[in-house]
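Sharing a structure here in structure tokens format.
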Amino acid sequence: MRPDVLPVMLVFLPFLAGLLQFIAGRPAPRLGNVLVGVNLLLVLALIPGVADEGAIVANLGGWSEPLAIHLLADGLALLMLLLTALLAVAVSLYAMAAWRDQHHDALRFWTLWPLLLGSLNALFLSRDLFNIYVTLELVTLAAIPLVLLAGPGKTVDAALRYLLFALLGSLIYLAGVALLYAQAGTLDLALLADALPDSTLAGSLGASLIIVGILIKAAILPFHVWLPAAHGGAPAAVSAILSALVVKAAAYLLLRLWSGPLDPLVTPAAGQLLGALGALAILFGSWQAFRQERLKLVVAYSTVAQLGYMLLFFPMAVTAAWQGAVYHGLAHGLAKGALFLAAGNILLYLGHDRLREMRGIDRPLAVSLLAFGLAGVSIMGLPPSGGFTAKWLLLTASVETGQWWWTITLLLGGLLAAAYVFRVLRLAFLQPPENVPDRPGMVPPPLMAWSATVLAVLAIVLGVVSAPLLELLGSPVGGSE
Amino acid sequence: MTALDSLLALLLLLLAARCVSARSLLQAIVAFIVLGLLLALSWVRLEAPDLALAEAAIGAGLLGVLLLGTWRSLPLGHGNERIPLPWQGLRPALITTGCTVLAVLLTVALHQHPEQAAMSGLAALDQLDAAGVDQPVTAVLLNFRAYDTLLEMGVLLMALIGTLMLDSPLPRDTELPARTMLPATLAQLFLPLILLIGLYLVWAGAYSPGGAFQGGAVLAGAGVLLILTGFGEGDGRDGWVLRALLAGGALVFTLAGLLLIPVTGAFMAYPQGLVTPIMVLIEFSLALSIALSLLLLYTGTPGLRRRGER
Amino acid sequence: MTGIEPLAVAAAGLMGIGLYGFCLCRHAVRRLLSINLFGNGVFLALILIARRLPDGPDPVPHAMVLTGIVIAVSATAFGLALVRRQARTRGDDET
Amino acid sequence: MTLLVLDAAAFMLLLLLGLGLIRVIAGPAGADRILAVQLSGTTTVGLLLLLAVRLEEPALIHAALLFVLFAALLALAFVRRAPPRGGDR
Amino acid sequence: MTTFLACGLILAGVGFYLAGTVGLLRFPDVYSRLHALTKADNTGLGLLALGVALLAGSPRLALLIALVWLVAIIAASVACHLIAGYALQVGECGDEDDR
């Protein structure tokens, strides 16, 4: 089999599954689970090819270079695909148990989720500026209906705000694409860097618009206002997907575009600015997470904070920072997936997620709390977790470039993360009060508890297997060094 | 023609400012609709008649009807607000400054012309012969960049799924001011004409301005006319045939992409001899999907039925 | 290139006004309208860019605009459905 | 000469359209606004016909036909009355 | 000769449009303004269409242009009727949403 069939399948098979599910009109969780299994196998099959040749390119339509749309699977894309595939398996198992009895919601979930999976794969594989715009919209419009699964009455405000910001973000991005196309005459990421004339106003403005548009989609600090309500209000399985993958996809685009086609246009000052935004996001998000009174909002604000770390690549722009930022994306994805699934279990058991009324859940929810704790280790960045490796790489980079202020940010961020994770755990392990209130919910089935734990364990394991993964990733295309 | 352009630009900006600043939501919507008409006119001026067709049918027509319907379903006075003027406070002043700077920068940037011509565009015109259609835009949409169009159909489908989840259709039992036969007569006179134009546009898309999108939008307009004149209405039930038609546009691309891999050895590439029939098939299923999706986005219901039917 | 192209000014102005409306309006339908104004500005800019080819307009930006219109309208329709639902939920709360 | 007449006529029509917008903005009644929108629709159709000859693009006549049809649709949508508020929703 | 005639027709059409717009702006109430829409403008469109059809030079296009005009007058008369009914029902001063 030709290796370039694999990326194409990664996009088309989930779409096919989603469309068939839509037409069938009856929920078929088995189809969805087979799909995510096949998806994982396809991604694993991609690894040897990418490891040997550095990248696999598929040409869609067979047209010549400046016109055709290509799919590109290089180290960076592959790692994101791998993260998506692993999370997809865990989330699908979780969702199978979670929506067992709700026919309507199950049908909608199993229609939208394969389509979202295909869209995410398409986004990670895209090598074309306009195609990225379409995939961004696709991801957004698959994600918002999923948020509504928690009950339209409760989530409609959050969904509307999410939609407004996402729409504005993608149109700002499109304005940037228009300006760059006017200058370069091509949309292909691989050709763009060479085709762009040096330092024109149109080029710089286009690059800035693209970056601002993506920052809105990635919920980076001044634009984070839509995130907590949407991620906190969605059903657990959906929150996991949104926090671990959907906003990550936008952050990924920033890395991909900055180190590739936008490389000739960006300046060190812009890098410092983005880094500063990231640092602010880390400190502000962590502080907000510490102050929240509801568990899912703690986890949602933690996402605002954790996304900031990926922005620390831009001011330093050395290989260690590159690896650290990407690795942080992976570790955070797995850990945050585990956190949201575990939080969903707690919510299911308690019927609410108010932190102050959580005491005494350590025995019935031991497995879920284990998942929460393990994932918390990675979020805090303690060894031997994936989060530790990522932060270590970022620290190395800040020492290497002599930019000590990022070192302080990293340490402060870790401390604040420890504060909010331990706050939750402390409340959960407190002895129950004398008169235990009625627990209206049910103990989550083992499948739901263990899928969270598996993700958390993977987040820890990530710290041990870093060497081969980092080798796969390589160094930034246009970065210094 | 420069005088015409200047006047167009002036009117566009005036209407946009009106749309943002009108106190009444209804007036803002009306300004937006007229702006759509003028925008279509300026695209005609800029040698983009097919886009003008799309904007007139989708951007001003269907969206305008939907906006008016949504406005009707909101409580009276909902959405009436007066936005602060630039000099009324620090925040409006800052935002005004920012937006003005952005507009000036964009104007300058749009006047910067690079020396080299658009490579992708030239390549598209070069390879038009192999594309199976004569109309360059249709060739780009359905062949050169068919992958984008597939994903776009996905967007349309998911917007529809999301809309249906909300279960808030446009209010159905609205009535016309005067109890008169005229609108019904109008529908009977116009319906065949609209259907004819719609089908013609789909068919003609291969060699002249038009295409699946414009044709689909016009067919959706025919449906809206039937609903507005009381012949049809949204229905709470759907059937698999309808769902298959809705998904058909995306499905036919997906299948064409997957099944042809062994035949052509490339993805989403169509075999030389069959390229024109495949294009026609794709174009009609796309148009049907688009028409139905837009119509259901308008009604906000999963299905359709004749008025009075159960 | 002779002087200023009026429609380029209009494109830039539409984007500026759209952004202004998005920042200052509070009601969701108005924000949707503002977003669409911004989008119309982008589309107008793309069509202007398409005219730079010597023989006939460049079909690639035209295709981008067509795709963009469909995406913008479907997303806006979804947004309007969200607004209707929101109004209904609030109405129920009040009664 | 023909070109000059066409250009001048097109410019005049657009100017009249712009003047008609005063009624869209000033109202005073909703009926005035939608009336003015209809009028601008008719004017646009005239403009499209002129441009069809001026730019030698017969497809614009289809566009003109579409404008007429969708303008009627908009008028129809505008004059519909909502059911009594607080009804059976 | 034909061109001359066509130009004359087009300019005459524009004249009727002008009259319609003046009427729209100057007439005192909705009902008289409706005349501007239905009578002056559609006559203007008719003359203009005739002129354009002469210039278009092919019978097919001329037929199509005639169709445009026919549809336009049907649409305008129905729209006029509906708007008049609307004005009667809602009132002719102030907006529905302002009250």
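Each chain gets a letter, A, B, C, D and E, in the order it is written, and its residues are counted from 1.
Everything below uses one rule, namely that a residue touches a chain if its C-beta (ideal position, glycine included) is under 8 Å from a C-beta of that chain, and two chains touch if they have at least 3 such contacts.
Because the structure is a prediction, the values reported are computed rather than measured.
> Note down the smallest number of touching-chain steps it takes to go from chain A to chain B.
Minimal hop count between chain A and chain B: 1.
> Kindly indicate the chain pair that has more C-beta pairs in contact than all others.
Pair with the most C-beta pairs in contact: B-C.
> Need the most distant chain from chain A, centre defined as the mean of C-alpha atoms.
E
> Between chain D and chain E, what is the separation of their C-alpha centroids in Å?
Roughly 9 Å, centre to centre.
> Taking each chain's centre as its mean C-alpha position, how far apart are chain B and chain E in Å?
Computed from C-alpha means, the inter-chain centre distance equals 27 Å.
> Residues of chain E that contact two or more other chains, please.
71, 75, 78, 82, 85-86, 89-90, 95-96
> What positions in chain A touch 2 or more of the other chains?
Those would be 67, 130, 134, 137, 141, 144, 152, 156, 175, 179, 181-182, 187.
> Find every residue in chain D that makes contact with two or more other chains and list them.
27, 30, 34, 62, 65, 69, 72, 76, 78-79, 81, 89
> Provide the residue numbers of chain A that touch chain C in the complex, in ascending order.
67, 130, 134, 137, 141, 144, 152-153, 156-157, 159-160, 163-164, 167-168, 171-172, 174-175, 177-179, 181-182, 187
> Which residues, counting only chain B, touch chain C once they are in their complex?
Contact set of chain B toward chain C: 2, 5-6, 8-10, 12-13, 16-17, 19-20, 25, 28-29, 32, 35-36, 39, 42-43, 45-48, 50-51, 54-55, 58-59, 62-63, 66-67, 70-71, 73-75, 78-79, 81, 83-84, 92, 95-96, 98-100, 102-107, 110-111, 113, 117-118, 120-122, 124-125, 136-137, 139-141, 145, 148-149, 152, 155-156, 159-160, 162-163, 166-168, 170, 211, 213, 290, 293-294, 297-298, 300.
> In their complex, what parts of chain B are in touch with chain D?
Listed in rising order, the residues of chain B that touch chain D are 1, 3-4, 7-8, 10-11, 14-15, 18, 22, 26-27, 30-31, 33-34, 37-38, 40-41, 44-45, 47, 49-50, 52-53, 56-57, 60-61, 64-65, 68-69, 72-73, 75-76, 171, 173-177, 183, 186, 190, 193-194, 197, 200-201, 208-210, 218, 221, 224-225, 228-229.
> Enumerate the contact residues on chain E facing chain D in the complex.
Contact set of chain E toward chain D: 3, 6-7, 10-11, 13-14, 17-18, 20-21, 24-25, 30, 33-34, 36-37, 41-42, 44-45, 48-49, 52, 55-56, 61, 64-65, 67-68, 71-72, 75-76, 78-79, 82-87, 89-96.
> In the complex, go through chain C and note every residue touching chain B.
1, 4-21, 23-27, 29-30, 33-34, 36-37, 40, 43-45, 47-63, 65-67, 69-78, 80-85, 87-88, 91
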